[in-house]
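One chain, subunit A, appears in both complexes that follow, with subunit B as partner in the first and subunit C in the second.
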Partner chain A sequence: MMAAVVFFAVAFLAFLGALALVFHRHPMVAGLGMALSTLSIGVLYVLLRVPFLGLFQAIIYAGAVMVIVLYIVMALGQEETGPRVGSVQTGLTYVAAALLLLQFYWAIVRSGAGPFPEGSALPPVTAGGTNYAFGTIQAFGSLLVSHYSVPFEVASLLLVGAMVGAVILSRRSWS
Partner chain B sequence: MNAYWPIVVPALVKIVVILGIVLTGVAYTTLAERKVSAWMQDRRGPNRVGPFGLLQPVADGMKFFFKEDITPREAYRPLYLLAPFLTLFPALITFAVIPFGTQISVGGQTYPLIIAPGMDVGVIFLLAVSSIGVYGILLAGWSSGNKYSLMGGLRSASQVISYELGIALAVMSVVLWTGSFDFRRIVEDQAGWGHFWFVGPQFLAFIVFTVAVFAETNRLPFDLPEGESELVAGYHTEYSGLRFAMFFMGEYANMITASAFVVLLFLGGWNLPFVNYAWFGPLWGGLLSAVVFFAKVAVLLFVFIWVRWTLPRFRYDQLMSLGWKRLFPLALLNLVLISTLLVLRGHP
Partner chain C sequence: MTITLGHYLILAVFLFTVGIIGALTRKSAIIVFLSIELMLNAANVVFMAMGRYFGQLDGAVFVLFILAVSAAEAAVGVAIVVAFIRRRGTTDIDAANLMKW
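Then we have the complex of A and B:
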């Protein structure tokens, strides 16, 4: 009961933030909307019994990524954007978004996953021959450095690539 | 609903007590700031309101309350009004996960001295909330519609992000050492024979953390976001009355959080050498541990004030170069050293 109340409250906030991001004409408010959305999704992780993942969501997305985005908006001094133009492109975007949503819904229904019965124990996570309780940071860390170490390292490589690219692109001259 | 009461009532009591202590602490830290600065500059400081000026914070509060709350014409109103709340609330929420003593037993029940006792990732919670705190400053700077405020907000954001790396890395080395994100575990690992306060074995992390925390709280020598000689008052230039008071309280509450963070991670929490709180019985032992904890926090607050009235302000490029070229590599080096040491010791 409690969980359902929190879920709907937070889901509403996440939705509100997303709407602000897409429709608000002020880039600063739009950015804040996205921050609200990411924070709310962090709370959803807590509801799914992975509290530290929710906190990392707050640190990384709300605390770092969105702060930098807002920083750039501030530094550029971007004022309100002009009125929205209804072009073919805009229409196509709406259609594509609706299709994605439909596909997402279909994937959820097809997976057959239902809500956890409240208060039930979740299966432990096995990594490196040891069992860890579900949702603990130990379970997460062990999986990250054992089973998922390759994707993890590849992701960091991608990020380094992006960073080097950004430095090269922003360089004015090669003198 | 009955099952909730044994959890909700003690939590509410603890929230009221802690908020009382913290808000009083904030009020008297502002007085201490003025008294200590006066003492260091061979002045008397505020001494008119009450005995020794002890009622000065009350007078200040009344004044803030009766001042006009001005919104500049150029301000973006919704965010301008929201920003002070976004500064003060994160600063106060952090106290939910800060343990301030061992535990007290009353009437056969044991109450741990922390508002949220079930939180085993308190360290991450504290980092998360403090990373959210920058929004208040950022929005205040931007929404004021004033160049000085904007510059202050921008500086603050970049400063906080730069120094958060150092903080996170220093915290990581302590977490590696103890194997836990739980403040209680970290404090317990600093108690008893053969265990040292982590300021010893983790000295590099301590240095990095303390310096970074000064920058994170925008205190001198890192108070560039509000450097008055260039930016008037930075991000809160346009604020007045109670809204300004909220920024002010947020800053001092952050100082208390930061001091508590340092005490818990590096200065043994509520532990004293050669003292076991079990000697004093279940009630007095717990209360004594809380007193010791707040005394240590008070000492660190004094250090914050001391540093502010001793060191001059950095230049902005010096601040950035210290953060990225000195502290960050030092924190990385420390992490590598600690990890190597742990592997050699055969730590799991």
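Then we have the complex of A and C:
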């Protein structure tokens, strides 16, 4: 019961933040709406029994990414532009979005997606030959360095590449 | 009332749809970028809910990788927006018409 109340409150906040991002004219309010949305999604991760990813979400998304973006908004982008109205592209977008929503809603309701397994119905996670309880950071870390070690290294390569790319893009002589 | 997998999936679909509307109708490059991040977040919610449903942590590992990708995207994206503002003096994506035919 308690989890249901928390879920609906957090889902409402996430959706509210998303609406503020897309439909509010002022870029600062839009950025703060995105921060609210990402924080609420982090709470959802805690509800889904993977609490440290909720912390990662709060630190990386609502912390690092949103600070960079809000800094850009404060430093450079003060123009207030709402959504486009009246063009063909806007109309097509709303029609496509409504169709997508209906299609997914229909599919999800028909799929009969049931409640989550609890207690003994939630089996332990096997990583690197050892069993761990679901959602513990031991299980996550063991999985990351055993089965997902190559993607982990590729992710670090990607981050280095992005860092170098950002430095090159912001060279003064580039402009 | 029990929260089922369907609740999470429907929330993710709503977030994804709002993100699509933002990415396709807004003019400011920063808002378009944030809308794409919102769609990534909706996909993350699906990964986490499905992983919890099937008792696997692989979904959570993928969420971590998506977090890394979107952090890289944020660094490069913000650098591109800054370079664009320096050249054109605006964040309006309609001003990015150099390669338009």
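Basically, the second predicted complex is superposed on the first by the 140 of 175 C-alpha atoms of A that agree within 3 Å, B and C clash if a C-alpha of one lies under 4 Å from a C-alpha of the other, contacts with A are read in each partner's own complex, and residues count from 1 in each chain.
Throughout what follows, a residue touches a chain if its C-beta (ideal position, glycine included) is under 8 Å from a C-beta of that chain, and two chains touch if they have at least 3 such contacts.
Everything numeric here is computed off the predicted structure, so don't read it as measured data.
S.K.: On the A-aligned overlay, A:74 touches which partner chain: subunit B = first, subunit C = second, or both, or neither?
M.R.: first
S.K.: More residues of subunit A are touched by which chain, subunit B or subunit C?
M.R.: Subunit A has more residues touched by C than by the other partner.
S.K.: Touch test for A:65: subunit B only (first), subunit C only (second), both, or neither?
M.R.: The answer is second: A:65 touches subunit C but not subunit B.
S.K.: With the two structures laid over each other on chain A, which partner does A:150 touch: subunit B (first), subunit C (second), both, or neither?
M.R.: neither
S.K.: Using the touch definition from the top, say if A:125 reaches subunit B (first), subunit C (second), both or neither.
M.R.: A:125 contacts subunit C only, not subunit B.
S.K.: Could you tell me if A:56 is touching subunit B, subunit C, both of them or neither one (first, second, both, neither)?
M.R.: both
S.K.: Of the two partner chains, subunit B (first) and subunit C (second), which one does A:29 touch, if any: first, second, both, or neither?
M.R.: first
S.K.: Name the contact category of A:88: first (subunit B only), second (subunit C only), both, or neither.
M.R.: neither
S.K.: Answer with first, second, both or neither: which of subunit B and subunit C does A:137 touch in the superposed model?
M.R.: After superposition on chain A, A:137 lies in contact with subunit B alone.
S.K.: Let me test your reading of the model: by the given contact rule, A:109 touches which partner, first (subunit B), second (subunit C), both or neither?
M.R.: The second partner, subunit C, only.
S.K.: Jot down the residues of subunit A that show up as touching in both complexes, subunit B in one and subunit C in the other.
M.R.: On subunit A, the overlap between the subunit B and subunit C contacts is residues 56, 64, 68.
S.K.: How about subunit C: which of its residues touch subunit A in the complex?
M.R.: Result: residues 1-11, 13-22, 24-28, 30-31, 33-35, 37-38, 41, 44-45, 48-49, 51-53, 55-58, 60-61, 63-65, 67-76, 78-83, 85-87, 90-92 of subunit C touch subunit A.
S.K.: Report the residues of subunit A in contact with subunit C in the complex, numbered from low to high.
M.R.: 1, 3-4, 7, 11, 14-15, 18-19, 21-22, 27, 30-31, 34, 37-38, 41, 44-45, 47-50, 53, 56-57, 60-61, 64-65, 68-69, 72-73, 76-77, 79, 81, 83-84, 89-90, 93-94, 96-97, 100-101, 104-105, 108-109, 111, 113-117, 122-123, 125, 127, 134-135, 139-140, 143-144, 148, 151, 155, 158-159, 161-163, 165-166, 169-170, 174-175
S.K.: If we count contacts the way the header does, which residues on subunit A are in touch with subunit B in the complex?
M.R.: Residues of subunit A touching subunit B: 26, 28-29, 32, 35, 39, 51-52, 55-56, 58-59, 62-64, 67-68, 70-71, 74-75, 136-137.
S.K.: Using the touch rule from the top, collect the residues of subunit B that touch subunit A in their complex.
M.R.: Listed in rising order, the residues of subunit B that touch subunit A are 76, 78-79, 119-121, 124-125, 127-129, 131-132, 134-135, 138-139, 141-143, 150, 153-154, 157-158, 160-161, 164, 181.
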